[in-house]
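Both complexes below contain chain A, partnered by chain B and then by chain C.
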Partner chain A sequence: MTRYVLRRLAFAALLVVAVSSGSLILARLSPGDCVTRAGQSSGETERLRARYGLDKSIGAQYVDWLGRIALGDFGDSCLYDRPVRELVPERAANTAILAATALALATFVGIPLGVVSGSRRRGPLGAAIRSVSILFVSLPPILTSLFLVFICARTKWLPIAGMRSASVVRGDEFADLLRHLIVPASALALPLAAMFERLQSQAMSEAMAEPFVVATAARGVPRARIVWRDALRVSLGPVTSLYGLVVGTLLSGSFIVEVVTAWPGLGSLMLNALRGRDVYLVAACAGAGAFFLACGTLLSDLALGAVDPRAAQ
Partner chain B sequence: MRRSKRVGVALVALTIAGSAAAPLLAPHAPDERLPGRLHAPPTVVHLVDASGAWHAPFIHPWRLVDQLEQRFEEDRSRVVPLVWLARGSLVRSSDDRAAPLLILGADSYGRDVFSRLLYGARISLALALLSVTAALAAGSAIGGAAGYVGGGIDDGLMRATDFVMVLPAMYVALALRAVLPLALGTPAVFLLLASIFAVVGAPFVARGVRAIVRSERDRDYAAAARALGASDLRLLVRHLLPATRGFLAVEATLLVPAFIVAEATLSFVGLGFPDQAATWGTMLEDASNIPALADFPWLLSPAVAMFAVVLGVNLVLQDRASGVESIR
Partner chain C sequence: MTRHAGIVTRFSALVAAIALGACGGSSTPAAVAPATAPARGGELVTALRTDPRSFNRLKAQDSTTDLLTILTQAKLVRINNTTQEVEPWLAESWTTSDDRRRVTLKLREHVAFSDGEPFTADDVLFTFEAVYDKRADTVLADSMQTAAGQRLTVTAPDAHTVEIAFATPFAPGVRLLDNLPILPRHKLGAALKDGSFARAWSVSTPPSDVVGLGPFVLTQYVPGQRLVFARNPHYWRKAADGTPLPYLDKLTVEIIPDQNAELLRLQAGQLDATVRPLGPEAYATLRRAGDTSRVKLLDLGLGLEADAFWINLKPGAFAGDPRAAWLQRDELRRAISMAVDRKAFADTVFLGAAEPVYGPFTPSNRKWYWEGTPKVPYDPAGAKAILATIGLVDRKGRGVLEDAKGTPVRFTLLTQKGRAPLERGATVIRDDLKKIGITVDLAMLDGNTVISTVMGSQKYDAVYFNPLWSDTDPALTQDVWLSAGTSHFWNLEQKTPATPWERQIDELMAKQVASPDEAERKRLFDEVQRVFAEHVPIVYFAVPHVYAAISARVANATPALGLYPILWAPDTLAVVH
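Presenting the complex of A and B:
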């Protein structure tokens, strides 16, 4: 087990390095740079080019960058004029808050609903859940976030932009953050919850048809106990194995939700960095994204092993 | 066919028909700016006038009451009848200058949202279809080669697809798009986005094709074809790849909505089509102005159109797939 985790960690490190190297080179190859500005003396431009390593060839800059990463220096962002090392963790934490909340919401809404609808193939409740979830499966995060922002802009029920209010009383920061979190987190969670519901419903109805469930029912075990204990346990496999992929989905979805709701996360930072040709920032953002991804896949594989020991082999 | 599936087919068919018949259905050109109609609301079609008399369908012109807030009011004193099948379009106002027919209102440049929606569907759908075709072709080639040849080539190709699949699709598309000049013409963006989407979509196709080809390769009919002297290429193209048809059909219907949404996302953040081109994405960009969005809800019509298409596809596919890729 330890060897397995170590091997996966080594693979994760490789993924992070590969992704950030790739994006550093891509960003350097793109036309334009971030230091040339109108009305700036050529001496000043040269000085800035040297500061951000743009005076070197791509290869030389790459080797130099690798060497400095080993010492914990990820370069400076020229858009924000700050070390990337300070900027990226701050934004990555914001994305993590958003994504983790959305994942928790989706899990605690989607899976129980899937259990209910999957264990009642007939009847109005199952049908109602199924129709609602097919609606939300068809609403990608860009649409949910726009619709939610529209509703909240009309009704003024909830804040729709940013992460904190400008004027917040001390001690109220947490409540304020939660209020700002509702719109982006639901926008991200709704389609995901619907997807979980569909998958769990499918797995649940298959589990309910298993011979051991029929046998348990024949022994007179109460229905609620069969559904929520026996059948639920064997039906968790498909959703759990999806969690690794879900991290990618969350990052993709979180990108557009961050842009729509002005949530200061990794996605909007990456967008600014790409548009502004901010080489070191692009590399660090991509690396942070790859890091999330690698952690997510590893955690989901470990969770799958816990739910279904056969899959751990 | 189940009722919900029929609804799905109808939604998709309606969108395709609407985009095909855009020149006939649209009362205006997609880039025509109507002066003084910035953010004008949808025109209401009336049948009864102020005095209670019945007429053929007519509209009242919008009168700008507040320039700053872009508030409009119906000018009840004027009755403008609609004309049918005139000047190449199904229905339009008889006085386009004073009272243009705005079925879904006007956007921030005073362009007719309904006409743009129809013309936008053409670009958005054509892009999605081209990208899907390219993704299916590339995916079949990669998956077919990997599954048929096996060994080191199989390992190498599958590692490569794994690598692309594990990355968040949106970030890959974003990074590839951002490498190229930010301002490009519509045809260039069209081809560029199609190739990017093909790169992102092909691995999903390749995985499935490989699995099918691998298992079909060892079936009796394949051995028989080989014994009759079929070359490797012929065996693969004529005998093995046709077995993937069902899978490819499902995959195509999953990827179309995903690509429609991807185009919208890229255009929304300013990395897609240029603003003057009418696509669902560039139209949504207008809705990114939140205060305007609250006052002018018709700016969300491309979002509703996208929802209708994705829902239609999901209803058609309902029992076959879970829609995993439609939100990726």
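Presenting the complex of A and C:
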């Protein structure tokens, strides 16, 4: 197992470097740069290009960047005039908080509902759950977030933007964070929960038809115990194996949700970096995203091994 | 060159002009008389799209840094956005020499920075030292020149007097100083000495280290979330009744990247004012919401800038291209100007909230707008007749103009995608030009790419974009008018004027900038606009109305056209509480 984890960590490192490199090169290749401004003299533009390494060829800039990241220097952001390594960690942590909350919410809502709808395929409850799921699974996070923001703006039930209130009473910080989390996390979680429900429902339905489940029922074991213990354990494989990819989806979905709900995460930072052609910041944000994806895949594989020992082997 | 395009625009809209002497100025805006006595205290919440790039305006010119500077710093003089005139600020008065080469400014006494340290002429000297310091690498170095390479010479005969000498006669005089926040030597002097000024007051600096002469002090910055400002206890201005300004206790600027989210928060009562002007679409959104008891919508009148269309006039830009014979001809631009229905353009592009415009300055620039600007009629037949004079006719009867060699009249128009007025405007231009046989291929690119193409590679046919005026006074936008200018967009930074008419404008502007007589300056600039209209290097079609929105609890606002319609005068803003 240790060897497996180490191998996956090495793969994660490789993935981060590959994604960052690709992003840096693509950002550099795309037209425009971060230093040219209307009304700026050509001399000033050239000076700024030299400062941010844009006067070099892509290859030379890339080699220079690789050499520097080996020393922990990810370059300076030309948008913020600050080292990239100062900008990314705080935003990445905020995105991680949002993504983890959304994932937890989607898991604790989607999987139980999937179990219910998968084990009661003919009842009205199952049909109702399926209908709602189909609605939410077809809604992209941007629509969900705009809808939730609109509702909260009208009702004033919850804050509709930001991560923390400007003036928070001491001791109320966590509750304040939770209040701010509800809208963006729900916007991300609802489509995801619907997807989990659909997957889990299908897997549950198949599990309920397994011979060992039929045999267990024939032995007189209560239905609830069969559903929530035996069949659930068998049916978790498909959802669990999807978790790694879901983390990636969460990150890409969180970009737009972060912008709409003013969540100060990696998404809004990367959007600014892309718009401003801030090559080093784009590379670092993409690298952070790849890191999350690699971690998500690893955790997903470990979880899959836990629920299905065959997968671990 | 003077100030860069796109930094600040100012306009008089609501308040009668404060008359200042041609050769000097003094009044007492240190005391202000509001219409009703606003209550002191309370908090105002507003929002901007992005984080500041720096806390040091000499190092960054993004709008968040600019607003932060307006809130926390002060200048020697200020351009009053409602009057468009210069008014005393840290300098309580000034005199200008007859030859317009020297200005003597008398500084206010008993003024202190937000940390209590006194403000003196030495801080002014320090600020200029920093601006021009090579290692400091400031963004205002080019702005603080009266022409290319002509820096100001600043001396301080005593602690409260500053003398500024211009290399050549400079009629706008102290107006140039509106762009320059005065920084504290006692906080930044060491950084300038040891060469670390370029990194001083970065956004990772503790807010308490950022001191200034503005109405507020920065108390908190949470990246990606907000900037919080509190009243500067040492602020020097007082209301007419003696109430110390600012009225507000606290001002919060939330970072909200999306305009829809900003407008929703405004409607929900979670924001008190929009920082930047609103276009017709945002105005329509708020009007549809209809809750006028909570949000007040303000029509600031026609804007100062119209979106601009120009063709690449750089000599040799189309070398080897069969279109070279006619693409840069004046006649083509004149025909384009006649072929676009400006009224329909205003209705389509700006939802009816716009007026046709025919020249670089709109009627909102009351002092410098030329009343004689020719009102080009919508005349497709006339446009075709002009094009026929340069050999562009529909030779095959297919509705497509061609030159004598059979090359179709066709060009690519770059514009910025994601900005609805520019996208719609480019589409209207394409459709109207198609009616006279000109084929326009639209290329919608992101703003950064458009700017890089125009300013960098300069490989393009035509552009439809929105360059901003940095000032209403043309002497402070010489970078647009002069052929060597960095904002002379159609043919940048020429070593010698490429055309006789550009040489003529250069000569007129040289006289205009130097003339001590304001009437003569106006006459000379009218002549510049006449030459401009004759050769139409840039075609303008319509100028939209500009709006601002404030919550009903905001009091004592003096809305005016400019980059910050409400917050340009933050010390007199108040809230009902």
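Definition applied: the second predicted complex is superposed on the first by the 303 of 313 C-alpha atoms of A that agree within 3 Å, B and C clash if a C-alpha of one lies under 4 Å from a C-alpha of the other, contacts with A are read in each partner's own complex, and residues count from 1 in each chain.
The rule is short, and it goes like this: a contact is a pair of C-beta atoms (placed from the backbone, for glycine too) under 8 Å apart; a residue touches a chain by one contact, two chains touch by 3 or more.
Note that the coordinates shown come from a computational prediction; the quantities given were computed from them, not determined experimentally.
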Identify whether chain B and chain C fit side by side or clash on chain A in the overlaid structures.
clash
Touching A:Ser241 in the superposition: chain B (first), chain C (second), both, neither?
neither
So, A:Arg275: does it touch chain B (first), chain C (second), both, or neither?
both
Which partner does A:Ser42 contact after superposing on A: first (chain B), second (chain C), both, neither?
second
Looking at the overlay, what does A:Glu90 touch: chain B (first), chain C (second), both, or neither?
second
Let me test your reading of the model: by the given contact rule, A:Leu26 touches which partner, first (chain B), second (chain C), both or neither?
first
Now for A:Pro264: first (chain B), second (chain C), both, or neither, which partner does it touch?
second
Please indicate which partner A:Val149 is in contact with in the superposed arrangement: first for chain B, second for chain C, both, or neither.
both
Once the shared chain is lined up, is A:Met163 touching chain B (first), chain C (second), both, or neither of them?
second
Have a look at where A:Asp81 lands relative to chain B and chain C in the superposition and call it first, second, both or neither.
second
Stretches 165-173, 255-263 or 309-317 of chain C: which one clashes with chain B?
255-263
Touching chain B and also chain C: which chain A residues?
30-32, 146, 149-150, 153-154, 160-161, 259-260, 271, 275
Chain A residues touching chain B - in the complex, by the definition given at the top:
15, 18-19, 23, 26-27, 29-32, 134-135, 137-143, 146-147, 149-150, 153-154, 160-161, 191-192, 194-195, 198-199, 202, 242, 245, 248-249, 251-253, 255-256, 259-260, 270-271, 274-275, 282, 286, 289-290, 293, 297
Complex interface listing, chain C residues touching chain A
1, 4-6, 45, 50-51, 53-54, 59-60, 142, 202-204, 220, 222-226, 228, 252, 254-258, 260-261, 264-265, 267-270, 445-456, 467, 470, 479, 486-487, 489, 492-493
Enumerate the contact residues on chain B facing chain A in the complex.
4, 163, 166-171, 174-176, 178-182, 257, 261, 264-265, 268-271, 284, 287-288, 290-291, 293-294, 297, 300, 303, 306-307, 310-311, 313-315, 318, 322-324, 326-328
What part of chain A is in contact with chain C in the complex they form?
30-34, 36-42, 44-45, 79-82, 86-87, 90-91, 94, 146, 149-150, 152-154, 156, 159-164, 166, 258-265, 268-269, 271-272, 275-277
